[in-house]
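Read through the structures below before going on.
Paired with chain B in one complex and with chain C in the other, chain A is shared by the two complexes that follow.
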Partner chain A sequence: MSMKGLLNNYGVWMVAALIILLVPIPFGSGFALSIASQMTIAIVFALAYNMLLGQGGMLSFGHAIFFGLAGYFTIHYLNWMGQGVVSYFPVSLLPLLGGLVSMVLGVLIGLVSTRRAGTTFAMISLGFGEMVTALTLIIVSFFNGEEGIQGDRWVGPEPLGITFGSDVQVYYLAGAWCFAAAVAMYAITRTPFGRMCNAVRDNPERAQFVGYNTQRVRWLAFTLSAFFSGIAGTLHALVFEHVGFETVDIARSGFVLFMVYIGGTGTFLGPVLGAVLITWLTSILSNFTEAWYLYFGIIFVTIVMYAPGGLAGLIFMHEPIWLTDPRLLRRLLWPYALGLASVLVALVGIIGEMEMIYHLSNDITGEFVMNLYGFDISLRNTVPWVICAIIGAIGLALCRKSFPLVAQHWHQVMHEARERVLQ
Partner chain B sequence: MSAVLELEHLRKNFGATEIIRGVDLTIQAGERHAIIGPNGAGKSTLYNLISGLHEVTSGKIRLRNHDITNRRPFEINRLGLSRSFQVTNIFPRMSVFENVRCGVLWSMGCKYSFWRRVNGNVEVQQRTEEILESIHLADKRHIPASLLPYADQRALEIGITIAGGADVVLLDEPTAGMSHTETARVVALIREISQHKTLVVVEHDMSVVFDLADRISVLVYGEIIASDTPDNIRGNRAVREAYLGTDFV
Partner chain C sequence: MAGCVGLSAALCQEGVSVVQVLLFSLFNGLLYGMLLFMLSSGLTLIFSMMGVLNFAHASFFMLGAYFAYEISRLIGFWPALFFAPLGAAVIGAVIERYGLRTVHKFGHVAELLFTFGLAFVIEELVQMIWGKTNKPYLIPSSMDFTLFTWQGLDYSAYRVFMLLTSVGIFVALYWLLTRTRVGLIIQAALSHPQMVGALGHNVPRIFMYTFGFGCGLAAIGGVLGGNVLGTEPAMAIQLGPIVFVVIVIGGLGSLGGALIASIFIGILTNAAVSYDVPFGPFFALFGVSSATDIGNDLVRMTSGSVSSVLPYLIMVLMLILRPRGLFGNRDV
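Moving on, here comes the complex of A and B:
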């Protein structure tokens, strides 16, 4: 293959590999690197989840069980290796083992849950999610209740001095698996099974009449998704050296749905975007505010209502334009900047109000002082309340002016792109 | 000549209502067989029974030497019987090409393979191209199926149906809702694709029926009241009475 052909076909993957390789250089600190590791894990889990949701049309509320159970297995296996109970297995290949464990679970659970799609499937997934969460608290000998279990990834021989003791080494382990898993999952979308998965999602009735057993297709999708979720869960266990019930519970299942939906279910890139963005937001928001779950809820509802294609959907909405003439995009720059600025102004006001309300209702000191946007303010004073309200009102007014402008320019540019194509 | 499809004393109830009331019908290999009858006679229901969408209440369905009574749709399809739908039933979000290819995959032995690239399968690609050519949608291959005009969707419906190479093809009102020119196009298509196949077609347009069919069966209120050559059907009194007041020729 020529250089250009190589770049066309694999350019995106080369860039991805390069990013994974280079991240530790600017982000070498413990905190940043830990976030980077979490991102790679989130990407694998989100992509695995989208095999179900986006590719197969199955909405699961309990998929974290395949993530967490592989994690439990991994920690136990590390400990067993340490005790010499089981034979040595290279730590770098443990994700494969964890994936297989989840895959077996996927085969069994999928046998029951994938007979039906739609609501029935969603309800069964919720049931299994609750069941496993309950089990982690009941079977103390294996799951150790709310405390969870700990392990040490530094076991066994040290080929080339690699112990995975350091954060950088374990980051590269997670990064390498993230890359391999993403490539594999992408490749699967391009196989006969991948295509029929979409067909069963779009029209399960018709899929039967072209020779495919739709239950079998769903079951296989479920099993494969469980496998990759298990890889993600294993990486989580290796990175944190700890797993608890929070790795299997409904909150985690909901969170991956969050990531995937916000990123976009319709494209392969969507879940990756969602995973990176949400992991990053979680880590910074949870530092600055305790109400971050509330903000996630708002983001989620906004996306569901106004951009059901997610962030990737918003990006690929522009595909017809850049395929026609990328220069047309320049005309969208300033309307977009204007719209975005309006939203930001509105957000500053609204978030300010919400932070103050949150602080007011949670103030245990009785002093009612807080730091908002770097200002020390007293909640007894009406000024900050009024200022935030005014900023919010200005922002909303700007939105009302700028959104129609954005829409108008969008339609103009789309129209022009269409005209040029038809010529 | 040998029988390819045989229905024996076939009955179907929906709740208390008997929709198919003891149908006996034999379709010979290679024939073009039309099923006509008024709306609500049970023609589509008959297809749904044969193709495995609905369970039969009683009776037997035989495809060559296989008993396919109450088998599942995909099993029946794999035995070489394929059907189209009266209400267009395609994969709306996928491209025209992908739609046809979905029809091809199983017959080319792709099964549930998740390790081989589908684009790398030359036979699958070629077969898909052939079907696209024959339904005249080759230049619209990249368009999402939901965006096609109605007549093209109907052609695609047929394309998906024949893509797997089934040798018994059941078409349900392929020309319904089409203009004269579109109908002519579809009739030509049906003639072409049914060349070495057994064809059963449900059709309302009598000129199409008499143009296409070797044999005609008349279904009225869930019963076959006549099954004969076009000429004999034309002269059949019971049929004329059943169609009294309609534009039956």
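Moving on, here comes the complex of A and C:
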């Protein structure tokens, strides 16, 4: 294969590997590396989840159990190794072991839950999720209740001096596994089995008629998804050296669902986008605002309502244009800038208002003083409330003007792209 | 003490008899069950009409409790019992009209996702407006006394009132759905929406009213139960999945099934806690001893400690063995 062919086929992967390799150079601090590690974990979990939701059409509300249980297993295994109860297993290969544990669970649970798709599957997954969450408080010797369990990843021999004691080393471990898992999951989508998953998602009756056992296809997809979720869970346990019931509960399951859907379920890139973006926003914004989860939920609902393809869907909407003539995209630039600016103005007003309400009702000091956008304000004063309301109103009015403009230009450009193709 | 078989040690020491515990758990179970019914009846109605499992249903229960807290602080409990559900119903109708109807064209999974996100947003909004800690929504003082004592147990006036109200609502709901014109149109819209539309009824509007009505019913549950169960932002997520369990067991779309399943789950969870049957002897049959850590956990298990798992276990078994539930006429 020529150099150009190589680049065409594997260019994206090379860039991805390069990004994973180079991240610690500009972002070498402990905090930045921790976020980067969390991103790689989130990417694996999101891609695994999308094997179900995007490729298999199965909506799960309890997928975190495969993530968390692998994590619990990993911490126990690390501790057992430390005590010499079990034989040594290289720490760098533990994700494989954790993945296999989740896979076995996936085989068992999938056997009963994948008989049907749709609402039945969603409800069974919810039931299993709630059961495992409740069990963490009952079987104390394994889960240790609300405290969770801790371990030390620095065990056993040190090949080449790698101990996983430092943040960089554990980041590269997570990064390498993230890359390998992503390649594997992408490869699966290209196999006949991956295509069968899509067929079973879109038209189970016809798939059955052609002679495929739809339950078995779903079961296999479920098992594989559980395997990769287990890898993510193991990496989580190795990075934090701690797992608690919050790794298995419905909040975690919902979180990955939000990530995947915001990123976009229709493409392979979508969940990656969602995982990176949401992890970054969560770790950055939770320092500034306590209401971040509210905004997160609102973003999710907005995406469900107006952009079911997610962010990746919005990006790939432009594919026909840039395939025809990338220069056409330039004509969309200023309407988009206008639309974005009016949304930002509206958000500044609305978010300001929400932050003030949030502070007002959660203020334990009783002083009602807060810092909003760099200004120290008193909530007893009506001025900040009025100003935010006015900014929000102006922003909404601008949105009303600019959105039709954006739509109009979009249709014009699409029309022109189509004309050029037809010529 | 002879009558102590199968009772928890604490209750036994207080000299409580088995009969008393039975009556107590039956009464409280019935009460909790009727509370569940107020949620599950609306949920099952909405499901059978629109085919959407409303994940945010328990959020309206929570909104009912918070609204009632605010209103009862200002003008009293009785207006709250009327206005809080009304407010929740209006919010529900608006959400159906401008949210759910937009998503409807993307299919059932999108609807489920929408309501799931909505439940999340409502919980966060409640935290934003009322704070993260629980609110002192109290039982109205006019009913805060012991109505009667029977078999050595006190029955508070408010709990008896709750029970009577919920029974009254069940009767009214049954009458509304089977004996009135509105109910007949709703029932017809459940099975033959196109035909009802062809007869000149505005089916989307019927959907909207039904959704709002169901949310209002859940909010009545919140008004009545919020002061007993506690009014806090986590109350929706605690009760929500249980309501799903109820309607799956009862059979989706079946009002009678929802009633029976509600009472069944209510009594089961209450009895499991008050009887606190130890599982030790059962595990001992399989040779599990308390020598190992995990064995110790198993031997120490009682029906009380696993009561939170039981409903989900039953739901999963039901979905596997009989997906249409006890009284449902179609699969989930």
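Note that the second predicted complex is superposed on the first by the 423 of 423 C-alpha atoms of A that agree within 3 Å, B and C clash if a C-alpha of one lies under 4 Å from a C-alpha of the other, contacts with A are read in each partner's own complex, and residues count from 1 in each chain.
Definition applied: a contact is a pair of C-beta atoms (placed from the backbone, for glycine too) under 8 Å apart; a residue touches a chain by one contact, two chains touch by 3 or more.
For clarity, every value in this text was computed on a predicted model and none was experimentally measured.
When both complexes are superposed on chain A, chain B and chain C sit side by side without a clash.
Using the contact criterion defined above for the overlaid structures, shared-chain residue A:F193 touches chain B, although it does not reach chain C. With chain A as the corner point and C-alpha centres for all three chains, the angle toward chain B and chain C works out to 80 degrees, nearest 10. Of the two partner chains placed around the shared chain by superposition, neither chain B nor chain C is touched by A:E319.
In the superposition on chain A, A:A134 makes contact with chain C only, while chain B stays out of contact range.
In the superposition on chain A, A:Y293 makes contact with chain C only, while chain B stays out of contact range. Within the superposed three-chain model, A:E367 lies out of touch with both chain B and chain C [touch as defined at top]. Once the two complexes are laid over each other on the shared chain, residue contacts for A:D152 go to neither chain B nor chain C.
In the superposition on chain A, A:E419 contacts neither chain B nor chain C. Shared-chain residue A:G118: touches chain C; no touch with chain B.
Considering which of chain B and chain C touches more of chain A, the answer is C. The superposed three-chain arrangement places the nearest Cα atoms of chain B and chain C 13 Å from each other. Taken together, the chain A residues at the contact with chain C in this complex read 57, 59, 61, 112, 115-116, 118-120, 122-124, 126-128, 130-131, 134-135, 137-142, 250, 254, 257-258, 261, 291, 293-294, 297-298, 300-301, 304-306, 308, 354, 357-358, 361-362. Of all residues in chain C, those touching chain A in their complex are 53, 99, 102-103, 106, 108-110, 112-114, 116-118, 120-121, 124-125, 127-132, 237, 241, 244-245, 248, 293-294, 296-298, 301, 305-306, 308-309, 312-313, 315-316, 319-320, 323, 331-332.
By the touch rule above, chain A contacts chain B in their complex via residues 187-188, 190-196, 198-199, 202-203, 205-214, 216-217, 220, 224.
Contacts from chain B toward chain A in the complex involve residues 51-53, 72-74, 77-78, 82-83, 85, 89-94, 98, 101-103, 105-107, 110-119, 121, 160-161, 163-164.
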